[in-house]
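In this document, chain identifiers A, B, C, D, E and F correspond to the written order of the chains, with residue numbering beginning at 1 in each.
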Amino acid sequence: MSQLYPMKLINIIANGALEERLVNMAEAHGTSGYTILEARGAGSAGLQTGTLEGGSNILFVLIVTESKLAGVMVDVEKLMKRGHHLACFVSDTQVLRREKFAG
Amino acid sequence: MSQLYPMKLINIIANGALEERLVNMAEAHGTSGYTILEARGAGSAGLQTGTLEGGSNILFVLIVTESKLAGVMVDVEKLMKRGHHLACFVSDTQVLRREKFAG
Amino acid sequence: MSQLYPMKLINIIANGALEERLVNMAEAHGTSGYTILEARGAGSAGLQTGTLEGGSNILFVLIVTESKLAGVMVDVEKLMKRGHHLACFVSDTQVLRREKFAG
Amino acid sequence: MDVSNLLIPAVLFFALGFLAQGVKSDLKFPPDLAKALSIYLLIGIGLKGGVELSHAHLGEAFDAVTAALVLGFGLPIVAYIILLAGRLDKLNASAIAAHYGSVSAGTFLTAIAYLNAQQIPYESYPVIMLAIMESPAIIVGLLLARFSRGSKQSNGEGDAREHHMGELLKDAFTNGSVILLFGGMLIGVVVKPGPLATITPFFSTLFMGALSLFLLEMGMEAGKRIGEFRRVGWFLMAFGVLMPLIGGSMGLMVGHYWLGFGVGGSMLVAVLGASASYIAVPPAMRLAIPEANPSYYLTLSLGVTFPFNVIVGIPLYHYFAARLIGG
Amino acid sequence: MDVSNLLIPAVLFFALGFLAQGVKSDLKFPPDLAKALSIYLLIGIGLKGGVELSHAHLGEAFDAVTAALVLGFGLPIVAYIILLAGRLDKLNASAIAAHYGSVSAGTFLTAIAYLNAQQIPYESYPVIMLAIMESPAIIVGLLLARFSRGSKQSNGEGDAREHHMGELLKDAFTNGSVILLFGGMLIGVVVKPGPLATITPFFSTLFMGALSLFLLEMGMEAGKRIGEFRRVGWFLMAFGVLMPLIGGSMGLMVGHYWLGFGVGGSMLVAVLGASASYIAVPPAMRLAIPEANPSYYLTLSLGVTFPFNVIVGIPLYHYFAARLIGG
Amino acid sequence: MDVSNLLIPAVLFFALGFLAQGVKSDLKFPPDLAKALSIYLLIGIGLKGGVELSHAHLGEAFDAVTAALVLGFGLPIVAYIILLAGRLDKLNASAIAAHYGSVSAGTFLTAIAYLNAQQIPYESYPVIMLAIMESPAIIVGLLLARFSRGSKQSNGEGDAREHHMGELLKDAFTNGSVILLFGGMLIGVVVKPGPLATITPFFSTLFMGALSLFLLEMGMEAGKRIGEFRRVGWFLMAFGVLMPLIGGSMGLMVGHYWLGFGVGGSMLVAVLGASASYIAVPPAMRLAIPEANPSYYLTLSLGVTFPFNVIVGIPLYHYFAARLIGG
């Protein structure tokens, strides 16, 4: 039975314009990497049809160790405090290789 | 340490033709919003290559408060009872701002 | 209140070239299906901008019964042992219809 | 029937895509490319139809429209009866029938390319018939399904369905393909030649090249469906080859005896009758007949009937049109 | 003002898309298609502008650039004052103002198509002005927002913001649209006619057709925004119709009295003044004024002002240009 | 060597994309656009090659094919030796070597545009060589890696691998680029001029414009890789500039002394030798040599060698070809 190790799965849904900021954030916290998916939707910032840059969302996925979670959350809250429209949710997950994500 | 609040993360994978129905459902339950991602795959409805409208899936993501979950599930089951092919799975998650999702 | 049944949600992020292998794996384990989303990102394999086949990721999503998890993990580890660059994480989830996924 | 007639880009690109799948090539098409191309092609046909409609003879146009409606409403019923005779459940039969009553623009355009390559002239009305034939079959499918459900109507869900019905009928006339075809047609009719000429290079000059690219991708799509054949079983597979022959001959009759078209035009009506929709109808059936199994109708229309028509059907319908009319 | 002038492909395709949404058609466009088309169109305009710039009269070009800067810096301030007068909060006012100081290439190109269709000649400088006018309004919006925030500056975040400022200003000049327009322009200037001719079929011959397809999708986008109208409220809705009229008349004055353009040229400057950006500015405002509500400015520029300009504004500005100059 | 020769759209658009990244512009390309364009371009080259092949002299064609095979099998071995000399591990060396033995269609087409711009004639065979050279290097890389793994073979996984091997070899001949190039070529050969002319506007007239758009995006891609330079280190960076010079000179020799091509043709063979694949080979190596680090080979082929060839290499190879042959 392969061993699984607990990690935190951070999901951030925001306008594509925030991509660079989020990537920098991930790198600043020295995560093993990051994943981005194109998304559409609607929320407090209105309709995001995904057709124009100004109306396109991304789903930014970040797997981090428990220890890194707090730090990332602080940065995400900073963005929200500045007024950026984004949805952030965190779930428990497990990964196959701890060393890969514990950087 | 930033406070995180428990929420339910609903995922629905279905043919793109169901998008309007799902969006209406989300709005009927007064969620703070919804997110849609393009997807491909295979299931009981066969191969969904994503190339033609009739064979393209969406991943419909909905974050709701515990209290709203039951109601949404009832609507999803209605769709399934009508025969619609979809996969629905629910996970526990936590969000940064409760007020944003508790609408 | 609609009944929800526990399942395992397997997520694999890898280069698109691995798609066929992953699909075969899912079929080998007799899952009810699989879902694929296009993704970008960065990791130990470097930048994956999604622009060229060689630099495009997929997010491969698989819902399986607790009992099938171990078997799938073994296959995923085989891929990793061969050197394939991929991120695999598993979460607990719940589905609306057990019989749909318990195949 | 000279095989070299099949050596036209449209057919060869389709074959190439099909073959690429056959040898399990890692060739991938961005999913959105096919969607973009089909939008482009539908607008292009619409514009072409509109221009021709603008100097069409009204009486003839009216006949063509009526014939299209007859085929659109009639063929699904024929298909439905055959499918029930094959012991297929009523709901799947309704959904599949709708696909065969409707048309495949890709097949129709391949036939056009085939005729152009051999400099065979053809009437312009079939283009209009193509647009007309998108919707009726969807409605027939809807009604067939509704009656199939029968008793279900009595229970509580019934009302939901009733209420539903109107919306679904509306959908049949507002589905994407219909909007693009008729929209393009209208624009082709009302815009003066001057301004229209500014978009001709895009929508007309490039048309056949774009069609080739589209067919390459459709060839791959068809190839991917082969794996689904075991799902649909032999009876349905046979239906996927038999039905186009029935629809084709009915189309041929209508084209020749009713509309008095020549070899080219009659063959095109045959193609309309023979082809099955894989763009407009599948999403419509997803909503209208959710109980039906999408892998049945997609595999049949895209994986069986489409390749059959492109490779075998078109030259066959041409051959019979020539025999019948003597072109 | 002959209504048949509106019967040009660009306008009709926009209307078709808008209508498709109105009837709730299931017509879907692959999201990436619009992005690809706007990239194509911006390069195309740039190349066109570059070729014209290469045989432009420097003095006149300089005047046009100055005028563009004046409009680009002036219009947002006008918009800002009106919005504050309407009791809109300062940050939303700044963000919206930036959109109206900038321009919409889609609207501009529709105007070009409109002029071509009626064989009305026009000066080439407005193309250059279009490129110039992308950035200034973004900067004005930035500065307005910064002052609006006022006190906030004092607290800790302040420095972060300061530090921020330079980067944001830089963004204004390096945003995608600016790069494509000026890049295309530069290439149009430096490449010799021979090599340039090799890309003309792609970027020039197809241009109007590609524009039609883009406008079809933009029509759908505009249609989708109608649902958001209740969000923005009546005052902003009115602003979305009033502001283009103000910007349009200012543009008309500048075009005629300052730059001495004819009917065609003056009308194009009016369109630059009247149009609001929905491609370059929204993402810029997302970063520069995150506090503002994106559904306000997107709904206004794309859902209200864009349709208004395409259907009503363009012929209107033409009418007044003709009255003023007597073309 | 007149610098103005570099002022051709292809090169300038590539530079524009590279620059856009350099200034951190927010310019984004829809990911699928590059994939769609590369499919289009490969088919386009194939068709062109097919047409030329159809009136090619068989003996000469045979020589060209042989030469292509020699380069395709030889160059990776040269690259491999150099890389091992630089103390790179065997598996990464094998993967990188495969990229340099194969070719870059984007680079080749830029060279074609460069020659056209200066009206320098060139032989048609290099197009065929391009198609031939896609696969051999992949096979060499595979074999090199297999031997590198050595002992591993003995353990249980071995058989898996053995079993694997055939499939991987098959992949080399069925990868997407090969299918499109040879498929296009075949279609170009068998289709009669009449029907072929119907797709020429799409695949041929637009070709250079589409190439410019593709290179714009590739310029951005290359620019994004700069951040990865520290990952690959100095030795590999140097290799990325040195190897094209070696491959280029070998190509030049082959083109001139073996195939007896003129300046244009010899330069094109040099470009085939000098260029490294970034479309077909990376995914192949992902499967064939998973242990290798993809950021090495992608950064080298796309971030170092591609820009080097487009900006410096092509004029350089032309210069030497002219010196050698005296054009």
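Remarks
The working rule: a contact is a pair of C-beta atoms (placed from the backbone, for glycine too) under 8 Å apart; a residue touches a chain by one contact, two chains touch by 3 or more.
On a predicted model such as this, the values are computed, not experimentally measured, just so you know.
Counting only chains that touch, the fewest steps needed to get from chain C to chain E is 2.
By the document's definition of touch, common neighbours of chain D and chain E comprise B, F. Between chain B and chain D, the least number of touch steps comes to 1. Between chain D and chain F, the centres computed from C-alpha atoms are 41 Å apart. Chain B and chain E have Cα centroids separated by 36 Å. For this pair, chain A with chain B, the centres built from the Cα atoms lie 19 Å apart.
Residue positions of chain A with contacts to 2 or more other chains are 16-17, 37-38, 40, 44, 53, 91-92.
Chain E has residues 24, 26, 28-32, 35, 176, 201, 206, 283 in contact with two or more other chains.
In terms of which chains touch, the assembly is arranged in some other way, matching none of the line, ring, star or all-to-all patterns. Contact between chains, as defined at the top, is found for A-B, A-C, A-E, A-F, B-C, B-D, B-E, C-D, C-F, D-E, D-F, E-F. Listing the residues of chain B that touch chain E in their complex gives 16-17, 20, 53. Put simply, chain F touches chain C in their complex at residues 29, 31, 34-35, 38, 91, 157, 176, 217, 221, 224-225, 227-228, 231, 278-279, 281-287, 289-295, 298-299, 302.
Those residues of chain B that touch chain C in the complex are listed here as 11, 13, 37-44, 57, 59, 70, 73-74, 76-77, 80, 87-92.
By the touch rule above, chain E contacts chain B in their complex via residues 24, 26, 28.
Partner chain F is touched in their complex by these residues of chain C: 15-18, 21, 38, 40, 44-47, 49-56, 79, 81-85.
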